[in-house]
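There are two complexes below, and they share chain A, which is joined by chain B in the first and by chain C in the second.
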Partner chain A sequence: MAVRTFVGGIHPAQCKYACDAGTVTAPVPARVTVPVGPSWVGYKVLAPKGTEVKVGQKLADNEGFMCVPTHSPVSGKVVDAKPYRAHTGLEFLGITIESDGKQELCEGIAPVEDLDSMTPEEIRNVIREAGMLGMGGAEFPTHVKLSLPQGVKVDTVVVNGGECEPYLTSDHRMMTEKADKVVHGTYIVMRSVGVKRAIIGVEDNKPDAIAALTAAAGKYQGIEVMPLKSSYPQGYEKAIIKATLGREVPPGALPFSVGVVVVNVGTAAAISDRFTTGLPLIKRYVTVSGEAVSRPATVEAYIGTYASELVELCGGVKGELGKAIFGGPMMGVAVPSLDFPITKGTSGIVLLGRQQALFWKEMPCIRCGRCNEVCPMFLQPSEIHKYALAEDMARAEKLFAADCMECGCCSYVCPSKRPLVQSIKLAKQYALARRKK
Partner chain B sequence: MDMSEKGLIITAAPHLRDRVATPRIMQVVFIALMPAALCGVYFFGPWAAINLVVGVASAVLWEYAIQKIWKFDITISDGSAALTGLLVALTLPPAVEPWVTALACLIAIGPGKIVFGGLGYNIFNPALIGRTFAALSWPSVLSAGYVAADGITAWKRGFDVVASATPLGLLKTGEIGATSLSRFYGPLFFGNVGGSLGETSAIALLIGALFLLFAGIITLRIPLVYLLTTAGLAMLFNQDPIFHLLSGGLILGAFFMATDYVTSPIKPAGQIVYAVGLGIFTFMIRMFGSYPEGVAFSILLMNCFVPLIERFGAQKRFGEVRNRA
Partner chain C sequence: MIVNSLLILGGMGLVFGVALAVAAKLLAVEHDPKVDMILGVLPGANCGACGYPGCNGLAKAISEEKAPCGSCLVGGSSVAAKIAEIMGVALEAGDGPKFSRLMCAGGKGIAKDIAEYKGIDTCAAANAVSGGFKACSYGCLGIGSCVRECPFDAMYMGEDGLPKIDDSKCTGCGKCVSVCPRKLLALRSAEEPVNVVCCSKAPIPKSKQDCSAVCIGCQICVKNCPTSAISMNGTVAVIDNSKCTKCGICVQKCPVKCIHNLFGPDSDLRVEA
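On to the complex of A and B.
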């Protein structure tokens, strides 16, 4: 049988330079700025300026359903708690802590002993209190994913090991090195939504990860490791559901509408960490790679560490730096400098050389149809693009601009180097705004 | 920290692009036409070589001149003008007087392409606009350009030419057709037969077409449906399907002109409708029209229908089938 996959997609050069480099554990940073969340949400700061904090201590929280608390990754003193301009350009609340280097644990950090006697709701609450967000990049609160609406039944948990972005290797390293944790986290997620079956989907360019996970999954009932074709965007939620189960999530719907809950492998491992060590989400794997990095590697870093420190840890910048990206090169955000802290969703920092980062000459659309072929959502990117450029957002919406998941395959393949996904994102925002009215 | 963070480039994602670029696609198609062009030069002698050079050079020159005069951006580096010039020369008779080729290129580039807004905006295949303009304006000059395809002998004769009829012309005038046409199969396949410069050698064209298929520039959808429709109609009307497939500009048109991205439908279903239409028009013109050959006309005709074809067909949408269930 052919390896499972979705329809469409592209095969960019993988450039997984950091793959064989092993994982570097970052030292405790002298100073961190922990991003709490968009500043307009109104998080309640529990550790104002001047507070002495310990590792795992709650820094801020908000009662809202879509919010999770943030914890201190270091022990030390809060020197600042104020809004700052985050790497995305949005204003975030940031809590800056100067570390004392002692890494004293906060009181009450303890493993969960009686997982088997816990109700799904209790498990979800532990996950929320640990500040779990989707670590694949979307930063969607994990407990929200696991809280199913009344009457909705799911039958499968899909664990997303489709690290399809070029350069990124953090999930790959995670699955290889901490397969036990990924599988244990998967088991906890299964418990929290009450299903008996889980599929860990991993692209077949990571055979060592597949082997490690398969060995680890043997200890549990109902967890299957499924190799998937290496193709971008295999790690997109709807794509991996299609690949693993053959189900298509309807436009605008969430995975539970086809009986599935999807979590990222990093999130699964972090959940396992919370249950076995008691530590909330304060660390993550970050790939530091790209042509302009001296020694590309995957770094286990504290949330809130400045990107510049991580780059320094990997030997600094090599050659002339052209573009710095938070996340992967297909969907990541280009940043104006490396003076930004990493967030819970920062899977990588990719530095491109000047030559690589130069603009492409834009030419007229020659209607070759390549964008239609690769679109995983079966859209017609060139058509939507045409209307979006003419600011005819109503027509763009009629062509389902709002279905776009912004993978960027269309812009990648366009021989005329047109900004397809860029304009479709705009049309999508118009469509979503209009629906809200 | 010593890091030159000034001047970092900021754009929206994606930050990577595929290597395939529009000028490169034009180059690949140009190269794919080289076997046919070289075969034409070999079989038809020095006039063919002159017409090829005149076609490519004049098309580029016209584009440059027009854009210069009207102060448009100069786009000759995208390679499409050179390709159009090559196709004009390949679809004209090999020994036609070179001024015809040059004027055909002017029409192809000017009214055929630039007046619509340049590359990507033209409704009709520019090369065929040029060729058809020449064919309708100077029919006798064109028929004088069809010469004998005798290879070495043609080169020995130099610039003196021996006129020759095309197989489709003979079929139209009724000089052949009553008997089996299988004696034409060999010449039509290899190219030692009368016809336009680049259309006679089926094998050379097919080599180029295979190259395009493997390079991922074209798919088989349009050419195959076009050829099958034509062959099917030939059988229906009791004609020799192999003769119809190999003769005239059918192979050149099916693989290199009907597949032109700009003037053909994008959606797969639309491409099939388009190709069936091409087959019907081509065969009908050959069978019942007053012209011996109908490939150029049928492609131009179907070009008109492309916007209409594109309007039909519901768009499938990810997750929609389940949505209804």
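On to the complex of A and C.
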């Protein structure tokens, strides 16, 4: 049988240098800046400047539905709590803690013993209180994903082990090393939405991960590991639903509209961690890779650690640094310096060499239509781009610019090196802002 | 033969002529003579700066009292007066002509850049990439979308990387104001020349590192203003032009030199000891 996949997409060079290097555990950082959020407006800081905090202590919380609390990854003293310009360029509230190195656990951190007798609602509440956000990069609150609107029924949980971005290996390492946790987390997610079937979709360039997960999944009923074709963006929510189940999510709709809930493997493992050890989300796997890193590796790092420390841990910068990116090279955000803390959604820090970060000269569109062929959302990037550049945002919006997920396939294949995604992003921002009004 | 054709053709001509004359009377479209009169007064440049599709559109809107008499920005007060006469209304007393002014002094060498931007050549696009390439998230990006937007060719990029305005061409149409993604351009009349040329909302210790022309919120101007025209809006001082006497004390006292006379050199202001 042919390996399953979605329609469209590209095959960029994988460059997964950190793949075989194993995982490095980062030491407890001397200083962390923990970002509060997803959007910090309305957050109440529970640990103001000067407070002594312990590992896992709640630093800030907000009662809003779309909000999750932030916890302290280290024990020590809060030295600052003020807005800072995050790696995305947006202002975030950051809580800076100086660590005392003792890593004392906060009181009340305890594993959940009676998972089987818990109601879905109780499970979701534990997940929220643990500060779970989508760890694939989108940072969407997990408990929101698992809280289905009235009357909506789902039949399958899809666990996203696509990790299609070049360079990134954090999910790969997670699936290989902590297959048991990923599967256990999957089981908890299944319980929380009350379904009997789960599919862990993994790209077939990770055979060791597939083997480890298959072995681990044998202990549970209804969890299947499915190899998928290695293709970008296989790890995109809607692409992986199409690949694993053959269902198509309508434009503008969420996965539950076709009866599916998608969670990232990292999120599943973090949920399992919360239930087995009691620790909230304070650590994650971060890939530090790229041509300008001395020893590319996957690092298990505390949230809020500065990227510069992680790069030092991997031997520092090698040669001439061309561009530093938070996230993968396709969808990540280029950063002006490494002096930014990692967030719950930072899956990698990619340092490209001068040769990899070339700027190409933009040429006129030759109407080859390749961008239209590869778009996994079946949009017409060439047309939206044209209107967006002419600042005719109303027409760009009519061509569903708001459905673009910014995967970058169109810009990647464009032989004229036109800034397709950038222009479509502008049209999307306009469309979303107009919708809000 | 000839007589027949003459009769038939002449008869047909007569019938159609009468039919057309009747139709013209019965189906006449009412036309406001004011539209033509206003159109005669308007400059006829069809620039669209008023927001209507050309002068004809504006003339129609004015005649229907949907637009004020002073809507034509190019024509200025003289045209407004003539239109008011046609419309038979008194011209509303307004300020003098307004000109576009940049409220940022963070040009090259003054405000720091943190990154190199390559991409779509508009300020809005550059601003959307990680909050812009300047260390200050509020300052002028200097790409010049405003310059390209100006319908009157009244703007150009200065050597310091900031847009400059040619007052002899600026009509105060406000197109540049609306295109600036950081809202750094404002319309000012010569009656309100003294302005704090900084829009930063960043906390002060950081903004000071990012730009040497940032308002540091020291409040020296607030304390020294003889008419209490200056107050603080967050971290930045603002001048209430209705109270400003253009004495120039604040311009002289500002330690970071971010208060300027936007109409002529600072020395033009009357400085009282």
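Note that in this section the second predicted complex is superposed on the first by the 434 of 437 C-alpha atoms of A that agree within 3 Å, B and C clash if a C-alpha of one lies under 4 Å from a C-alpha of the other, contacts with A are read in each partner's own complex, and residues count from 1 in each chain.
Throughout what follows, contacts are C-beta pairs under 8 Å (C-beta built on N, C-alpha and C of every residue); 3 or more make two chains touch, one makes a residue touch a chain.
Bear in mind that the values here come from a model prediction, so they are computed numbers and not experimental data.
Novice: Answer with clash or fit: chain B and chain C placed together on chain A by superposition.
Specialist: Because the two structures are overlaid on the shared chain, the partners are seen to fit without clashing.
Novice: Is A:G151 in contact with chain B, with chain C, with both, or with neither (first, second, both, neither)?
Specialist: It touches nothing on chain B or chain C.
Novice: Identify the partner contact of A:S411: answer first if only chain B is touched, second if only chain C is, both if each is, neither if none is.
Specialist: A:S411 contacts chain B only, not chain C.
Novice: Using the touch criterion from the header, give the chain among chain B and chain C with more contacted residues in chain A.
Specialist: B
Novice: In the superposed arrangement, does A:A334 touch chain B (first), chain C (second), both or neither?
Specialist: Both partners, chain B and chain C.
Novice: Which partner does A:T88 contact after superposing on A: first (chain B), second (chain C), both, neither?
Specialist: After superposing on A, A:T88 lies in contact with chain C but is clear of chain B.
Novice: Once the two complexes are overlaid, how big is the angle at chain A between chain B and chain C (Cα centres, nearest 10°)?
Specialist: If I round to tens, I get 70 degrees.
Novice: Does chain B (first) or chain C (second) touch A:V258, or do both, or does neither?
Specialist: first
Novice: Taking the superposition on A as described, I'd like to know which of chain B and chain C A:E248 touches: first, second, both or neither.
Specialist: A:E248 contacts chain B only, not chain C.
Novice: Should A:G108 be classified as contacting the first partner (chain B), the second (chain C), both, or neither?
Specialist: Neither: A:G108 stays clear of chain B and chain C.
Novice: Quick one: classify A:G322 as touching chain B (first), chain C (second), both or neither.
Specialist: first
Novice: Let me test your reading of the model: by the given contact rule, A:N372 touches which partner, first (chain B), second (chain C), both or neither?
Specialist: first
Novice: Please give the nearest C-alpha separation between chain B and chain C in the three-chain superposition, to the whole Å.
Specialist: So the smallest C-alpha gap separating chain B from chain C comes to 5 Å.
Novice: Which residues would you name on chain A as touching chain B in one complex and chain C in the other?
Specialist: 333-337, 359, 419, 422, 425
Novice: What does chain A use to touch chain C in their complex?
Specialist: Counting only chain A, the residues touching chain C are 82-83, 85, 87-91, 333-337, 359, 389, 419, 422-423, 425-426, 429.
Novice: Spell out the residues on chain A that touch chain B in their complex, using ranges where they run on.
Specialist: Its residues touching chain B are 10, 12, 166, 238, 247-251, 253, 258, 308, 311-312, 316-317, 320-325, 329-339, 350, 352, 357-360, 363-369, 372, 376-378, 380, 382, 399-400, 403, 406, 408, 411-417, 419, 421-422, 425.
Novice: Taking the touch rule as given, give the residues of chain C at its contact with chain A in the complex, in rising order.
Specialist: Going by the criterion above, the answer is residues 114-115, 118-120, 124-125, 128-133, 137, 203.
Novice: Within the complex, which stretch of chain B touches chain A?
Specialist: Of all residues in chain B, those touching chain A are 1, 3-5, 8-18, 20-22, 24-25, 78, 117-121, 261-262, 264, 266-267, 315-323.
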